[in-house]
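Chains: A, B, C and D, in written order; residue numbering restarts at 1 for each.
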Amino acid sequence: MLSFECDYNNGAHPAVLQALLRTNETKQPGYGQDEYTLHAKEKIAAACQCSNGDIYLLGGGTQTNQVVIDTLLAPYEGVLAADTGHVAVHEAGAIEFTGHKVLTLPQTLGKICADDVAVYMEKFLADPSHEHMVHPGLVYLSHPTEWGTLYTNDELTAIRSVCDTYGLKLYVDGARLIYGLQSPDTDVTLRDLANLTDAFYIGGTKAGTLCGEAVVFPKGNAPKGFFTSVKQHGALFAKGRLLGVQFDALFTDGLYETIGKHAMKMATELKTILTQKGYEFAWDSPTNQQFVVIDKQTKDRLAERVRFEEWEARPDGRFVVRFATTWATTQEELDELSKIL
Amino acid sequence: MLSFECDYNNGAHPAVLQALLRTNETKQPGYGQDEYTLHAKEKIAAACQCSNGDIYLLGGGTQTNQVVIDTLLAPYEGVLAADTGHVAVHEAGAIEFTGHKVLTLPQTLGKICADDVAVYMEKFLADPSHEHMVHPGLVYLSHPTEWGTLYTNDELTAIRSVCDTYGLKLYVDGARLIYGLQSPDTDVTLRDLANLTDAFYIGGTKAGTLCGEAVVFPKGNAPKGFFTSVKQHGALFAKGRLLGVQFDALFTDGLYETIGKHAMKMATELKTILTQKGYEFAWDSPTNQQFVVIDKQTKDRLAERVRFEEWEARPDGRFVVRFATTWATTQEELDELSKIL
Amino acid sequence: MLSFECDYNNGAHPAVLQALLRTNETKQPGYGQDEYTLHAKEKIAAACQCSNGDIYLLGGGTQTNQVVIDTLLAPYEGVLAADTGHVAVHEAGAIEFTGHKVLTLPQTLGKICADDVAVYMEKFLADPSHEHMVHPGLVYLSHPTEWGTLYTNDELTAIRSVCDTYGLKLYVDGARLIYGLQSPDTDVTLRDLANLTDAFYIGGTKAGTLCGEAVVFPKGNAPKGFFTSVKQHGALFAKGRLLGVQFDALFTDGLYETIGKHAMKMATELKTILTQKGYEFAWDSPTNQQFVVIDKQTKDRLAERVRFEEWEARPDGRFVVRFATTWATTQEELDELSKIL
Amino acid sequence: MLSFECDYNNGAHPAVLQALLRTNETKQPGYGQDEYTLHAKEKIAAACQCSNGDIYLLGGGTQTNQVVIDTLLAPYEGVLAADTGHVAVHEAGAIEFTGHKVLTLPQTLGKICADDVAVYMEKFLADPSHEHMVHPGLVYLSHPTEWGTLYTNDELTAIRSVCDTYGLKLYVDGARLIYGLQSPDTDVTLRDLANLTDAFYIGGTKAGTLCGEAVVFPKGNAPKGFFTSVKQHGALFAKGRLLGVQFDALFTDGLYETIGKHAMKMATELKTILTQKGYEFAWDSPTNQQFVVIDKQTKDRLAERVRFEEWEARPDGRFVVRFATTWATTQEELDELSKIL
C-alpha cells in the first residue's frame, strides 16, 4: 500500500538516525545542556541570521504552540488566528487549557491578512465593552498553512506592521516550514521570519526528525523564566540530547535545505502527474500538500492501493482529498502512484 | 438625565432592601447556612416545581456561568454557544480561564436552534480527527438572549432532544429571566426550564437585587463537590445571608412575578411610544430591551437628555441603540422619555 | 443563644445599611464606575496616604486573594505563605486553581518572619535544580493572622527588606485589618501598609459591610489589564455600587476607626472576663479573636448557651476554642456571656 | 571524566536504537496508531498480567505525572504526596498548573506510609471546615523513591487498603521502576503494581530509551476522554512510533529485565566498592542510586575526575552526594571509579 496521507508517516531521515547512533555512547548532561543541543542552537541561529536569538527545542507542534503562546501572552490576553488554524481547531483546546481564548479571523485558503487583523482591532477598540472582552495579544499564523498555502514577504510585512500598530506580537507556526522555504513560489526565508516575528518554530517532526520543534525568539526575547515554564507545562525532556542531536544533524551540511528541496521536487512532480491525469485541484498549493477533488467512485478505487487523507466532504457528493510528499518520498513511489491515479 | 441604558443601573427593589434592614440584627451562620438562604432555596424550588432541585446562590452572572459550566463539563469538553453569547464575547475569557473552549454556533437574533446543534455534532463526529478536537459537552443559551429575544417551549424542547441524542447537557443563562417569564409573548415557565435543563440560573442582579444569581440543578444533580468548587473559584460569600435575604424577599408574596410584570408593562408602553414616534425597530424584542435604528443626529440629540446604550454602528452610518425598562421604571420616566424622543 | 463564634455572623453596620437605603433611588453606571465607588476610592487613598494608589473593590476574601496573587505573580511563580495561612489551607485550592503553588513557611502563632523568608530563598537559590522548581514571587501574610496575632512595624519592615533583596513582592491579607489597626498593641497603620507592601486589602466583610474587600496597590502599581483580569476571574460586580456605597460609608466620618475601636474595647473586656473567670488562654491575642483552652465538660456546658468556634482538639483531650468580638458586639452580650462562662 | 551523576546521561540501549533503525523505513499511521505501539501495549500488558489494562505511551516523567494526576482527579481534588516527592518539589509546579494542590505527607527516606495517609484523612474529615479545603483524591508515591528506597508489598498493600477506606486512588511514579523491580531487596513485581494501583507508569527514559514512559491503567480504567486529554495537555506525539518502537524493544526478549539486572549488579558492586573504601552511606538504598556523606575536600578531589550529584549540604559542612549506576554502566567504569574513590 502506497502511503501519501501525511508528512509524518516516516521514521527519521537516515542522516538524523545515524547521528543518534554516532553520539549514543557519549555521556551528556540532561535538560538541554548537552553539547548537541548547544551546537544545534548555534547552527539554527546562524541559519536564521539572528546571532542573539534564544532558541529552545521542544517535543511536538501542539506542545510548542501551547508553551510559546501561553508564555508570550499576558494571562488576560488571547491569540488571533485563522478560524481554520491548527490552534483553533485541532489541538483539543490546548490553548484554552492554559487559560487563553483563541480569537478567530476569517481566512482565505488558510491565510489571514493584515487588513482583517486591523479590522478586528478597530472593532475591538471601538467596542465600549472591550475591557470586558479578551484582549488580543498575539497573531498566530502557520506558514505553510494547513491548506498548503504560503504567505509572501509583503503579506508578512503588512501583518507585522499591523501588529506594531496595535501592540500585538507575531508568532509563526512552522510545523511544515521546510516545505515553505523550499517552495519554488516563495520569497520568505528563515532570516525574514527572524526579522518579522516575535517567535516562530522550525518544525522537525515533519522535516526528518522523529520528534522535536525548534522555537526561535529571534531578538533574544524568550519570555522571562521560559525554562521553568517549559518544565511547568510538562514539556521538558530529561534527555534533551534526543532533540539536540536531531536538530544538529538537520542543520549540518545543509541537510535541512537538501531534503526540503527534494520534497518539493517530488511535490512538483506530483502536481504534474495529477494535472496530466486530469485531476481537478481543489486549490493551488505551492507546497508539499496537494489537494484534489474526486468523486466517491474514484476515492474508493484509489483507497484500495494508496493511503491519502480525506480533507472534506463537499455538498455535491465529491471529496477534497490530500496527497502529501515528504523528504522521504521517492521517484519510485511517485511512479507507482502515477499508475494508480 | 433620564437613564434607560441598561437594567442594572438601579439599587435594589425597596422590598428587598427592607428585608435586609429587617433581618440585619440577627446573628447567622456563614457560607450559605443562614436561615434566609434556606428559605430562599425552598421558595425557589417551589416556584420551579422541582422539590428535589439543588439550589445555590452565587454573586454575579459571569461568575455563575464560569462556575456552573466548569463544573458541569469534563475537563476536555467545551461549551456550545451562540457566537454572540455572553460567554463567547463579553466575559473576558472567564470560561477559557477554567480551561474550556467556547465552541460557537450561528445564531439568529441571538438564538441558536436545535438543527444547528445537530449539524455541529454530526460534523464533529464525522471528522476523522475529532479526538484531536474539543468535545462539545454542554449547550449554553441565554433566555432572554442578549438581543432581547425568547425561545419558545417547542424550541427548547427540540434543543433538549438534540442534547439527549448527542449526550450534551443543557444550561440556560437567566440573567434577564424575569423579563422573559413575564413577556406577553412567551410560553416558557420556570417549571419548563426545570424540566428541560440540567441547570439554569434565575438572575437577581437585573431583577431587583443588589447582587446574586440563583442556580438551579433541577434534578438534584449538582456536580459532586459543588460547594468546594464554588469556594475554589473564589465565589463563596462569607455572609451568604446577603444573597439569601434578597432571594427570600424576591420569592415571597409573588414579588418576582409582580415586578417582572411591571417591567414588561413598561416595556410594552415603551414600544408603543417608539412606534408612535416613528422609530424603526432594529428587530422585534418581546422583552425589556428595545432596539431601534437611529441616525447620528438623532443619537446626538437624544444623548443630551437620556442615557441609552449604543449597540452597533451600522455600515450605513446609522446606529442600533438600546433602551431598557426594568422593574424600577416609572410611568413618569416614560412620559418624560416620550417628550424627548 | 449568644453568638461569639466568628466576626461575620452579623448583618451590616447600621450606617452602612442606611447608606444603601439613602442611595438606592439613584441611577448609576455599572462595573465600578458609579459615583460611590469613586468616592470610596478617594477616601481610602486618603486614609492610606497614597494619593497615587490604585484601589479596587472586590467581593470576598478568597476571591481577593485569588485575583491579586494571580495577577501579581508571573505564571511560573508561587506564593510564600505560612503553612497555616488562609491561602494555604482554607481556600479550597483557589490559588492553585489559577496555576500557582503555595510555598509554605514555618510560622509562630500564624506569623512568618523575615529570616525564614531569607532562609527559604537562600536554599532555593542554592539548589542546583531550582530552575525545575516553582520560583517564589510574592510573600503573603495576613494581619492580623488567623491566630489573632499581629506583626510589628519592625517585623514588616524586615520582611519588606528581605523581599527587596530577593525580588519578591509583598501582599497583606487584611480580612480582619480593622481589628489590627485598632488593637492597643500595634504600631502599624494604613500608611505603613501602603509604604511597605505591593498590595494589601482592607476587609469589609468582617468590618461592617455585607460583602466587599478594598484592594490597595499603593504605588499606582495595579497589574496591567487588572480590570479585565477581575472580570476574567468572575469577580466583577455589575452593580459595583453595592461595594462602593458600603466602603464610602465605612470611610466617612471615621466610621471605620470608630467601630474598630469599639470592637477592640469589647475584645479587651472579653479578655478581662476570661481572665477573671480563670480561663487559660491558648496564646495571647491582641485582636478581636480570643483563644482559650477548655475541657470537654466546659465545652459542652458552654455550647448550650453560646456559639463559639472549636479551633483545635488537643492531644490531652482539651480543646482550643475561639470567641470573637466584632464591631457589633454589645456590652449586654458580654455581660450575658460573663454569666455563662 | 567519569559520569555517575544520574541515570539519564546515556543515549539509548543499543537494542532500542537498533529497533529504531530496523523499523525506520516503514510507513506508519500517527498518534499512537502505529503497529509498534500496538505491540508494545500488548507486551506491557502481558508483563503486568493485566490483559484488560489500558496502556498509553507518553513523553517524559513530569508530563506523565501531570496528565495522569490531572485526569484521575476531580477538579476540586488534590494529590497526597511525600513532601520530598517529585511532584511536590521538582516539577516546577506542573501539578498546580492543572489546578490541583499537592498535599504533603511526612516521609522517611522518601517513603510515605499508610498510617500517615489515614491520619491525614481523619484530620481532614474531622475538620469542620473541610469543605473549604482541597479534598484529597489520590495518593502519589514513587517506587523507587527519589531517595532510592523501595516499598514492600506489605507497605503498598496497606496504603491501598487505606485508599480504599477513604475513597482515594493510588498512583505510582515508576520513573526508575526498572531499578526497583530488579533490586535484590524487593518483593514487588509489575503484577503487584497492576493489582494494587489505579495507575502507574513504567519509566523508559531512565531505563534504556531516549524518551517515553508507559502509563498503565491496569483495570481498563483510563479516564474517559484520555486520548483527547493527552492532546489537550500538549503531550501527544505525531510520530507515536518513536515511543512504540522503543517500548516494543524494551519488552521484547526480556530486555527490560536483563538490563535492569545488569544495572543492579553494577549497583551492588558500587556499594561494595564504596564500603571497602570506607565511605559513609547517608542511608541504605537498595536500588541504583547510592548516597554517601563526604567532606568538602573529598568532594573537590573527586569532582576533578568523576561527575556525581550533590544532593544536600549538611549543617556539619559535609555533603550528601549521589552516585547512580544505570543499564549502561560498565565494569570498566566501576574499576576506574574504584581507583578514584
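Criterion: a residue touches a chain if its C-beta (ideal position, glycine included) is under 8 Å from a C-beta of that chain, and two chains touch if they have at least 3 such contacts.
It should be emphasised that the depicted structure is a prediction, and the values quoted were computed from it without experimental measurement.
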From subunit B, the most remote chain by mean C-alpha position: D
Pair exhibiting more inter-chain C-beta contacts, C-D or A-D: A-D
Separation of mean Cα positions, subunit D and subunit B [Å, integer]: 50
Distance from the mean Cα position of subunit D to that of subunit C, given in whole angstrom: 42
Intercentroid distance (Cα basis), subunit D paired with subunit A, Å: 33
Residues of subunit D engaged with two or more neighbouring chains: 76, 91-93, 97, 99, 131-134, 228-229, 231-232, 236
Interfacial residue positions of subunit D with respect to subunit A in the complex: 3, 6, 8-12, 14, 17, 20-21, 23-30, 59-63, 65-67, 91-94, 97, 205-206, 210-211, 228-229, 231-239, 241-242, 307
Subunit C - residues contacting subunit D, complex: 76, 78, 89-93, 96-97, 99-102, 126, 128-129, 131-134, 310, 313
List of subunit D residues in touch with subunit B within their complex: 31, 70-71, 74-77, 99, 131-135, 224-225, 227-229, 231-232, 236
